[in-house]
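Pasting the structures in now, so scroll down.
Paired with subunit B in one complex and with subunit C in the other, subunit A is shared by the two complexes that follow.
Here is the complex of A and B:
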């Protein structure tokens, strides 16, 4: 059973794209050597900024709701498990339905596989593989007190909006503490354009950014953006 | 037995029936209601009881039917050494093979493979079922390789005055 006060925090702005999490995840034999973490480029054409994507472990998991074979289950500690092998029919419904794009269809095994927060480790009090290797701690596993102490300028948010659908998750995303936001609007960033080296997507409202102190961004970086 | 005494997790009033039948949470998924468990036990016991009755009835019917009648199959001259003659015994739909292995050795087996009832075909010293490559020994009808585990039924033969008669069937298990 996962300890109640242990949480997973993702801070994409700290990600340096080193792929250590992907390698560490792939080494685990509970998912047959396949990495269950994605390392996504935010906007490959303009920036090298990457963002790690692990399962967010929704309170009401869409993947499990759409599963026609009843193969995806959520444990009492809030971890959404990978598909059960005897049940999964490899229909890819969950792959299409997940708002975060987490589940992966392994057609070789005819099985959906996804991040289960290293349940074999975390249920024994250990940290997930990716969080143990992340050099910049963009993936952090620990208590609320620890993260507050380590990241005084950030705060965790676990509410996401996809249009009118609100998704609450077990995994938290770190946002600037000055941004007075309660949720991350994911679909609003769909058509967002990045400028120069600065990656800024409309995931948080624009006025929230304006309210933020200019010290968050280096002045020279501001000047270089056209 | 802990699950028998656990309180039913409340899935909520607004939850539709299909969602209650296939819950997402492991706790609700593993929950077995006392009534469902009792129903399962009663029905399973009844199925076992009915099965036993069925087996008993089959035994009685088989005993009542008695031994199959002695039937003439062929003349000894019709089966030269090293040949095989197909025939039916005891009924029309019970195909058998009569095999003359030498001047004195005459054997007959049911032709239905004991695995899935395909017809076995005679090969050199073996009877081969082509469906799943099952092999039977030609001398005693016992399985050599492949999926069949039981030997072919042995047809008891007797030769009187140059005619071969089938006198009975030995259904063997080992």
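Here is the complex of A and C:
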């Protein structure tokens, strides 16, 4: 049983894209050799920003709702498990339906597999592999008191809006403390143009190098075209 | 004769690098380990604590070691997958003899015969050409015990002055600057001092990829309100969200520090009392930085006046701070000056030797600290002693039981050692834990040197790229197959514990070295029966020195989760004491054997030294022919020359092959698209790699990671210019040009990504 006090927090602003979480996820004894974490560059051409995605463990998991074989179960402590092997028909409904893009269809095994918050570890009082090794602690597993003490600049949010659909999750996302929001509007964030910038994110701008004097750059390049 | 015995492709087919993945018992989720061994990662200088899962003499996985205070269970991807280097198909299980007719150019031979051949060849070269005709290259990934033994082996057994180590490519600029400014070479503070600092200044350090665990310290400092200043030609992951990014042009760091110090002095943002009581040389430095006006600083560094001023203001007014730097400012022909420039702004601030007031270089290699302390450097004896100092020589000669007159004098740095091979002065070479063909600059020259050797013996667990040139290859040990100590990034001496036995004929490196000594009939001082015995001798040798380990025992290390040196066994009056170690250097009132109470720094007057740091551009600056700056570095999933990490499948998959990073404006100018093959050229050579077009690099700079060999090697391009004091090569700045390649290179179809 997962301790009630222990929570999983994600802070993408801390992520350095090192993939320690991905590599360590593949070391978990329940799915050794098969990492369940997704870690992607958001737009490598313009930024080193990466975003780690673990299962958010929804209070009412869409993956389970859409499963025609009733193969996806949530334990009483709120952890949504991988599909049960005897039931899973490998239809990929869950893969398509998950709002966070988490489940993976392992066609070799004809089985949906996903992050189960390292249930074999967390149900015994250990921390999940990914959050234990994460060098930036973008993935953090601990108590509400710990996160409040360690991260005074941000606050956890666990409500996500997709259009009119509201999803509440066990895993929490850290947002800047001054952000006057109670939920994350995922659909709106997909169109950056329409997102109001009420919070100034502390990110070095892409045009950091444009601020350099043009004279440093242009004459030298003239030579390269010779 | 050390030319390749057969075609490169034959060598690769036989010896790799091939990639290994989990298989067999390592994939068996139900496999219960026989034991968990608490030890440390084998890769970088942070030396994260880790527990290795061992079953039937095989490391089958890992378990985080959350109690170890430095990393508390955290690991980077290299640490997570490090265990896959064991039981590897490429592992050398026998001694090998150069044999052009054998598959892969080498045939197995009995270990004892190989040792005899090595000893006979050393004897033959030394009797014909003198003792100095044989050279030794060793490494900073070795345990401190082995590093100590290598120095002793060269000077006592081989009686050659020519030993140096690959820390020459890593920590020496910082080390030399630290000795000039503080009189001692160690990170001044434990990493816990980062958290709570008001300003964290990171110069030339890709922290997120090269020292990933340090990231959390920086982020925790920021949670407590720290402002983070990053100086780098690339927006690295640690720079992405920093508070102030200074996009420095490669090779201009001393100019930046001079400019910042000038503003600090003009605005009176300096600590007069500290400067007066604890330093010398300030006035002279103040005079020399006066010419570094914000405008001139901006012109030279490529950083706008506004940003330079902002940095000086934050740094100058902080109550507490931590300045870190790494190879980015050190790998230069002015690397020592760059580091001294950084130290000058630390000393002027007065913020050192106190909680949350820190300064450190981020040590690169596993034992980058311990490996540079106890005598495998060309001019050094154990305890940080000096090979040219008569008193130091006498002390160590006594410990070693030899006549001081029989101890060779200082040798030369690793690159100069290559030049001596080229000139014919050095004819034989032994290498351990060093892959010069990948890691030295201008490595086509290095290849020529290796080809000239009359005899070359390489000790390694895999056939590294340089070892392919060897006459004899001896099968050495992985880190997990031996025990000992290393000294990590903070100056904390920690225990490496043995997890498994060496397979086949492979031996622990120190046994191989002692077997060679025995076969030479020169066993004096080379008959240790364990690393523990070596450590006991090392403690005695270091006693009373600047780097004093005499109060450290294996038991104390385990009890305290490491012991920070200095840790003397006696107090200043010679009475035995139980010293806990010294996490923070230079605290007011602290005692050291040089100042003897006069002050906290390691000079007779106890004062730190300001040293003037005149700026000069890189040895090879851009011109119309080669208009771009080339800079090199690391990626998070690979380590150094890749001998280990290019054999670990999941790490290879993460970043398979080197790419040339360039800015979109440059790419547009040159007609290069992301993913295109592009050729980078310098006056030394050229490589054709795929382009990675990213807005996170200066438009006048290209970046290539250096972990790969042969036709993919960034060090075909780099310049062998060296710092005059530290002898570190200038990996971080040389002139290059770039063009779109007409076609894919031939290797694209011949080689796997890691090869």
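Note that the second predicted complex is superposed on the first by the 190 of 226 C-alpha atoms of A that agree within 3 Å, B and C clash if a C-alpha of one lies under 4 Å from a C-alpha of the other, contacts with A are read in each partner's own complex, and residues count from 1 in each chain.
Note that in this section a residue touches a chain if its C-beta (ideal position, glycine included) is under 8 Å from a C-beta of that chain, and two chains touch if they have at least 3 such contacts.
All figures in this text were calculated on a predicted structure; none of them were measured in a lab.
Peer 1: Is A:107 contacted by the first partner subunit B, the second partner subunit C, both or neither?
Peer 2: So A:107 meets neither subunit B nor subunit C here.
Peer 1: Give the label of whichever partner, subunit B or subunit C, reaches more residues of subunit A.
Peer 2: Greater contact footprint in residues on subunit A: C.
Peer 1: For A:29, decide between first (touching subunit B), second (touching subunit C), both and neither.
Peer 2: second
Peer 1: Using the superposition on chain A described above, determine whether A:61 touches subunit B (first), subunit C (second), both, or neither.
Peer 2: In the superposed model, A:61 contacts subunit B only, not subunit C.
Peer 1: Contact residues on subunit C for subunit A in the complex?
Peer 2: Where subunit C meets subunit A, its residues are 21-22, 26-30, 61-62, 64, 66, 73-77, 79-81, 208-209, 212-213, 215-216, 219-220, 222-224, 235-243, 245, 247, 249, 298-299, 302-304, 307, 622-625, 627-628, 636-637, 650-651, 654, 663-666, 669-670, 674, 692-700, 737-738.
Peer 1: Name, in rising order, each residue of subunit A that touches subunit C in their complex.
Peer 2: Those residues of subunit A that touch subunit C are 13-20, 22-24, 26-27, 29-33, 44-50, 127, 129, 132-137, 150-153, 201-204, 206, 208-209, 211-213, 216-217, 220-226.
Peer 1: Once bound in the complex, which stretches of subunit A touch subunit B?
Peer 2: 60-61, 64-65, 70, 72-76, 81
Peer 1: Which of the residues in subunit B end up touching subunit A in this complex?
Peer 2: 22, 24-27, 29
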